[in-house]
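Sharing a structure, written as structure tokens. Questions coming.
Chain naming follows the written order as A, B, C and D, and within any one chain the residues start at number 1.
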């Protein structure tokens, strides 16, 4: 095994710059060899900024570089599958940003190729490397909550559609809206903490409402750029779902945009001994009872940089072969569930995996 | 029509004393002729306190009094149907406390008798006489929310099981737990405000968890009396549901007891123009947008005593024949939905009314 | 049309530095060619600070530069008219700070020259580019307030005379005190939001009281420099007025200095359906009623930098010829009203424009 | 002079019961001989409650009782003049509730009869007996405010129309709305404290807006009884005025109902040395400067019951002949001003008393 793994960054947008690149740069055993973007200027800027690597416009040009070990796929969602598959087939390990793909079908294809090539395919469900999430997962496994019977995920923002009319809101590119962009993180935490239980039924309804009349859409800010009024808005801005699994049931309400001005971004884990409310991206509270007294506990812990942990684990996995919890073989299940959420919404009825 | 309507109170417990009796006493056109309770002492105390009426132990003794016009049925749930039916058959008008009955089947029988006898049968879904609820209903009808696409009802208390081991927690008496006792009010507000739309599918899961181990159950207070450890606890203390109707979809999470120490008691009405958060039993906020600005609006209004309004409307309905929104013919729909919630929970799958 | 418009800043005091210059510098289509001030050092400092332009002492030296497109007139009020007129006659477009001039007569002369030369003459009534003000204007036009029948403007500060004894408090330079300096902004917002209605009658009384005895004048701070005891104080520090227009009536109370220690800086728009209180320079509240409930609404919106919007609009207006709401042809009306306020005060009687 | 003065209460409504009757009962030198009301039951109830006096339906029946010394006229406004005049002509002293009358003409007639008969005619401008008001009046006379140059009276409530559709809102009965009912008190305090200066000009505009559509009028409470939808609403609910006098100028804004949800009920006295804000019916603050420091002073004093002081002064005046500040000869001036306010509003122009 080489001492230093050679990495290519495929897609040089926000998530690459904010998360993947800084983490690789801090990791002693890795070196970024290529910055790749169809907009070559973006790639060149990064070469200049970091004083390393080569700028590349077409990722196909580096597929055959025998020196390249692994890639981070940070492109828009619609090419997650094709790009990842090409690199796997070229013998490279892949960390692909979430969601795995736009559809379950695409994700299955990715999994198939990963299995055939024997290369690692991780999906960027980065919360599996979050400190609070892992503490909660361990508590649940240790039985501190008793029987975990229900989990409620609330990812409800007021008016927070990103880049109206851009890649995020164009289904052909993104695969969906709030469910696939935010909901995937919530669902993934739910699945991870509850031991990745097999889903049994999924009922859901997704709505595309507030962004439809683009010019009438009022907002305070728009992460992911200003509106493009000539663009497309055909994704879900609100979703509700109820899921039965072999473990707990799961209910969720999520919105990129709703006419309720409260931000409720949390996951509630309901056990018969104790319960936990996790504030997404932050702390959690434990609610239990001891000797007849109700107890509310607030943990304190050092938060690790979850992207650094993810990248370090990816590099380590390449070296050791250890299978990570963000492997496509695990994440494929939530891809199936999200597909079912959209399918149930379209068909207006529950999807069953057991019949 | 007589100037003063003669009333009998059947069941002299909490709701009779707190709500029905004071309202009849303040109503100029009504007179309480009988206080009736199997525990005669309770009835006699009320005769003494209010200086009117006669105490009766067995309601059958007054069925044939030709001078009696109407009754309020304030008994435990398991005799709602039988008592109401006997009085209807005896030619009396009936205001029966919620829920109509323990099961949809019982409720249907009540409706049938009401139709056969031509007598009025109201169910005590008192929020239909609540000022805030009616303002919201009118706003929705006036189109102020635009298209109302989803409603989320949260009736989640921390540890609030009533009278553990008593009538409330014994399914044979009550018909169910948090869903039939609290959820009925939330579901009823949802249905009333959205125009009582026809339900299409119901998926739900109800759990009986925290009250099971009665002696271990810790709590701060217990409305409806102290625990009876020799009693029964076989009702739901948590429920989650997702309902499709011909109008909006409805999601709900409710608990009498959960290991999350936050009280979230509200209903969110999501429209594509504006939305409303109603704090149960209190005020509401309206969230919308005008000329590019997001607007958060707080209403001020005179709150009428909803029980007084309900009783006044009942008495007026007897005189005028006007059909009220709390008539069994309307409320039967939510009885059907609650039955479906329990059925779906038992069967682990969605119930469809359309196939 | 040239791609980049060449600009001269005439007068390099507070408003130039805080508002005009930064806005031109951020605007891609403009370039500051000259900084001009009788105090040459002020101009030279700006050249040095911003690394652009040439410092000029006498504005007459640049009148004939064919490369110069437009000027911002940021001088003391007494030369607003003469400077603007010279630049208009030299074929330049002019953005002149408010007030247009010291008197209505001077303002009329400015308008006449603008019309004769065909050049743009904007007055710096910058609130016409304020986000909140425009939302309110649109709400009023959309009929949200119903009939707008009265507007009350309160611009009452406790002890806030600027630069006692300086240009602000010397009538020969400034044209007046609190009415012409602050009141003009309030009156302008009132006029803009109500559709610039024609005035019918003006009654007013202005007082010059608290600054008279300069050495006795106590204050907490003095924006626009320390007192010059050898200077002049002959302007109004309190004004009250009642105006009838073809639209709403307007009442106002304003003070630079009064012996009431409350700051009440707001405009109330009274409509028969709803009303708005605008806190000057900040947010507003909407008060209305819906379905029997009184509603108090708080808007949230992105506040644009109003000076940037004003400058951008000026530059755009030069390019496209679009007539802006701050054009002298509109602003002349409030100049007439302010003149009438001072005239009515001197004569002790109402001024009528209709007889 | 008799030791005990015999009194008749003419009109047994709210103000009689809350103010006049308790004050007479506490006064050792007075005895209520008659309670008079066209609704005899009201009068009889008071006889029974207080164990004194005789109930009378028609006041004409007691005009000739030689034992009767004085009357309090507490009727609706439209008979203030006629009733007071008849009792004056019958040789009785009269304390007539404010306003003196519906119009200046009626008030002048009252004054004429008072002068002809030599009997006392007081008007119930009770604030002239208010402790805070008298302290302020004394401060002003002592020169503590320096030159008093302007007074601003704000009597602005949100939604406070009394008894919509009743006597208060029917001009033929009341003579007007917020100006004559509330404004009279504010104007009277202004006049009293500034030494009852002669008015020179009056400009005003009164509006009748929010109560017009009675069924749509939303409110929190309605002092003076519930709405009578079949009744009349033709009075002012908003008024603005600017008055010049031989002393200070006066501006005012008042509303029974406006779409601004702030209650601003105060009078500001602006002097060149100091100023006072009096919160109506409560305390006041003094704002001044001493030795270069701004001073805000809050007085503390014993508040006398102003109605008791008024009645005691009336009784004393009968005995001693002392002329009181609430005598018709003084109050006639504000009657003239209120008439001018309504006249100016109708004519849309300033009324001058000097030309």
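Throughout what follows, a contact is a pair of C-beta atoms (placed from the backbone, for glycine too) under 8 Å apart; a residue touches a chain by one contact, two chains touch by 3 or more.
Keep in mind the model is a prediction, meaning the values are calculated, not measured.
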item	value
Chain of greatest Cα-centre distance to chain A	D
Intercentroid distance (Cα basis), chain B paired with chain A, Å	42
Between chain A and chain D, centroid-to-centroid distance (C-alpha), Å	72
Inter-chain centre distance, chain B versus chain C - centres from mean C-alpha coordinates, in Å	61
Junction residues of chain C - those touching two or more other chains	292-294, 296, 300-301
Overall pattern in which the protein chains touch one another (line/ring/star/complete/other)	other
Chain B contact footprint on chain A (complex, rising order)	145, 147, 149-150, 152, 158-159, 200-201, 203-205, 207, 209-210, 212, 216, 218-220, 238, 240-242, 244, 249, 251, 253, 258-262, 268, 270-275, 277, 285, 287-289, 292-294, 296, 348-350, 352
Chain A to chain C touching residues, read off their complex	218, 220-221
Chain A partner contacts - residues on chain C that touch it in the complex	300-302
Residue numbers on chain C that touch chain B, as the complex places them	135, 138-139, 142, 144, 286, 290-301
